[in-house]
């Protein structure tokens, strides 16, 4: 029979790329992937909105804000890796409190989720991070460079930049998941997921579900089988073993184990939190997470 | 027979405070050779521009006789106005509306002693040479109306004489109306059928005088000098112009 | 007393095939008024440019007398070369190397009938008016050496006469060396101490003739005409120039 | 026109004018928009001024001096064509994520454009007038002010108009990569959220400012500089 | 100079020339570099051609027609100052992630610059020569080719030189946001990996191509067009 075509927008050098490489080894699947490589997250969003691809990997907050304006995009979890706060190995910084008066590099800007949540966490410890650290915003590669040149004392950056730094001996203070835990959210809430049109997915449920399943299998495979991992190592664009190992470790830690009612409710709570923390800027005007943000027709 | 009737009630440049031409009436007979004489800055160039159709921003009208509704115009501007990025020959050929046999241009170049210079770019000519090119260009288009704004300044005496003769020869071979601006009364008398003397700004015609010297007497210096003297004595109204 | 000694062995423009000036020797006495007469395109402008120091790309030398190592130069170019974005008055004032009392310029403007036009931009002048501005500019700098390249073309006869007189008056008030290019032999005779006749390219001096008419006889038309006739008859070597 | 278009596309990819006006108004009230606009404009003014002054000076020198030009020509082509991204990254990496690095990056990107334009203009200068100035001993300053500059006017205007636009294009990238305020930074945020309404509101604010500059500065300047034309 | 500099900084922020040469060579051998360079150059050529042709045409028309100019002037300022990012996004969203949208985005960004420059040039045309052409009935085509175009030459050269550079700046963003090949896409990947050596290698390749264009096309063109100068 005709295979259902899924046009997938993949960030070059992103982890989805690794999985896709693994999936495509399997000829019996009832879907066929058409890969469109994009340069970065924004390019992915453009590709999705312009209809050039059916599916990309992005975050659910964006999906919710899209739904609030009437489009029917929806989200299926892919990974719960999250950014981290790293410092140099011999740095005197050991906890959030030590950040006081230090220079902090922040990837992604003022509305970065982790930055907002980190501020909330610090507030619980009576520390106004926003006022007490010297903030340096910048693109993630530049932030990595800044910390290497000692121009900042700590870096709050995306997970694979954090992982690469860790592999070079930098120390992780806290990661996104721990920040959430500190704020009272125990569930592992995925940060990234597949984003696609609900209407489009409804008519191809079967194929899509088997794609998700294949994705999960591929991920497991990469984590369990060294042979499978060896194959995709060139895609990581990391030359040294420590970095490769660290990337694999963090990647596998991001595996989704549970995705159910509790996690989705937790997401709702996070949403409300970010809504107030960002002064509506991150989330848009909707006070609550839009119903239907998470794909339920599994 | 009047060929072109010029009535300019008022020509005031947008940036000027007073008119440059006021109530000028002038009729050009067909194939007539007219010399315009007037003080510097009176409005002669302005008039030629209007006749050439380059300036339509005036109050009045130019009536062109039945023969040519759109007379072909040859205009020797007061400065040469050659295209610096085209050679002498290209400058001449570009002005032609239909290709001419090369001999015609060759002959003109020869007569103007520019055969050597035909492939030269204008910036590398002397001013007198550029002027001669501009004259050739005006001759080459075989005009119905030939406008010449002090064409022979910057030419040495022998060349000027030579070019004057050429002009008259061409004019007699293929008659056309000529409007010739000059400050040199001797030159004007030698060339014109009629002299038109113009006042200072605002310009109008003070006096029109027919030159009675027959064409075959025109290179007789004495006859010309005699008529010049006569003008100086018998026309007090143009005294201030001479 | 020789003030400026000109020896130009060879001046060939980079793009030209043959020299424009070859073996030209000319000595200018101090405060002498010299008229240059030569065919169009022979190299007169080239020579003035070299003397003015605008062209150093030649083979030869210009020796300037002890009196002025860097003579101040007034140059009436063959075209007016006014700055179009400066008014008439600004154009004149910009050329002065030290401020002059305004009356000096006022007087010159008045003498040239340009008082009305002093605040006008050059593009809105007639060519003759622009030329007069260029002449004022050269007079106003109070030059040691005055170079004039056909300065009085485009001027009507009365104005030309008037300006000629002004030139002589200024020259007599404050003597300076004048090099004056003209194609008009009558003008040359009326003005010059010495006439220099030049050959066609490559240019050299054919003949140098001192004008014997005393200064107070110079506006006597008959005296001038007589000398002109004499030149035509007794100097066969310059016949082709006249 | 826009409204019809928006209705036709009927999606968040082109919001209706009201939405944009609304966003614009809120941005003004909250002070966000004026703040970021102000920051960007400040950077624009500083880097534009530096680039124009330096660019005109170098352009004139290169245009008048064949030897220097031959020597620097290759460098010019290189600087002209090094991608903005590269200069920006290198500036940031070498000088840190600081204001001066940002300004430097913009200047480096704009400068070669000014130089090239002014150099073309200088090459086309009227030799007759330059000779006149030399003969009447105008000196360097007088020649520059009264002879050269007026002839360069159309080139300077061209460089100014397209320069404002170019700087604006680059400043966005500069702010996006390493500043935490300014229009570029904000646009990037909106872009991440795909908030087209806000993007348009900010764009409109900026364009309005430039229109104002055009109306209050460039147009009168043009008029004054060209008043001598026939 | 570079080497000394690199040694001084002694880090991956400025790799040594050998490293870059090495990367360059590998890129060439693997065919990656020529491929991406080729793709980008193709886009550059197409969009440059369109922008120059249209820009010159519109610039000349606006420069010669006061009324049209007054009408379109505002639009021009707007198009000149809409951020590249905005036009690129809108083009992609409306027309899809197709090649033509990419080209259109580049053209829209470059076009106003050309128009503005050429318009300045057209305003500065010599009226005497235009009058001469009118008097001798040159007609539209002849006037354009023989009278107007040679006078616009310095402006066209300015627009060309800074235009290649501008397009190159924009094309990088265009490719970054919606293409999966070309230099912009590659450079961004290298940036993510902070692979400065590769960034420099690609930059050098591009600059070399432009140098070649300069040497083989622009310089001879310049020479030919200016051979009439004194």
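Think of it as A, B, C, D and E in the order they're written, each chain with its own count starting at 1.
Please note the rule applied: contacts are C-beta pairs under 8 Å (C-beta built on N, C-alpha and C of every residue); 3 or more make two chains touch, one makes a residue touch a chain.
These numbers were taken from a predicted model, which means no experiment stands behind them.
Asker: Both subunit A and subunit D are touched by which chains?
Answerer: Where subunit A and subunit D share a partner, that partner set is E.
Asker: Strictly by the touch rule at the top, which chains does subunit C share as contacts with subunit D?
Answerer: For subunit C paired with subunit D, there are no chains in contact with each.
Asker: So using the touch definition from the top, which pair is joined by more C-beta contacts, A-E or B-E?
Answerer: Answer to which pair has more contacts is A-E.
Asker: Compare the CA centroid of subunit B with every other chain's and tell me the farthest one.
Answerer: Result for the farthest chain: A.
Asker: Calculate how many whole Å lie between the centre of subunit C and the centre of subunit E, each centre taken as the average of the chain's C-alpha atoms.
Answerer: Chain centroid spacing, subunit C to subunit E, equals 51 Å.
Asker: Please compute the C-alpha centroid of subunit A, do the same for subunit C, then give the distance between them in whole Å.
Answerer: The answer is 85 Å.
Asker: What whole-number Å value describes the gap between the mean CA coordinates of subunit B and subunit E?
Answerer: For subunit B versus subunit E, the centre distance works out to 49 Å.
Asker: Residues touching two or more other chains, restricted to subunit E: which are they?
Answerer: Residues 13, 89, 93-94, 188, 191, 230 of subunit E each touch two or more of the other chains.
Asker: Touching at least two other chains at once: which residues of subunit B meet that condition?
Answerer: Counting only residues that touch two or more other chains, subunit B contributes 15, 79, 124.
Asker: Mind pulling the residue numbers of subunit A that touch at least two other chains?
Answerer: 42, 49, 139, 145, 149
Asker: Applying that definition of touch, give me each pair of chains that meets it.
Answerer: A-D, A-E, B-C, B-E, C-D, D-E
Asker: Touching subunit D in the complex: which residues of subunit A?
Answerer: Counting only subunit A, the residues touching subunit D are 41-42, 45, 49, 62, 65-66, 69-71, 105, 109-111, 135-139, 142, 145-146, 149, 151, 281-282, 284.
Asker: Subunit C touches which residues of subunit D in the complex?
Answerer: Touch list, subunit D to subunit C: 128-129, 131-132, 134-138, 142, 146-147, 150, 225, 227-230.
Asker: Applying the document's contact rule, which stretches of subunit E touch subunit D when the two form their complex?
Answerer: 9, 13-14, 74, 77-78, 80-86, 89-90, 93-94, 109, 112-113, 116-117, 120-121, 123-124, 127, 153-155, 157-158, 161-162, 164-166, 168-170, 172-173, 183, 187-188, 191, 196, 199-200, 203, 206-207, 210-211, 214, 226, 230
Asker: Which residues, counting only subunit B, touch subunit E once they are in their complex?
Answerer: 49, 52-54, 72-73, 75, 77, 79, 81, 83-86, 94-95, 97, 121-124, 137, 141
Asker: Quick one: in the complex, what on subunit A touches subunit E?
Answerer: 12-13, 36-40, 42-43, 46-47, 49-52, 139-141, 144-145, 148-149, 237
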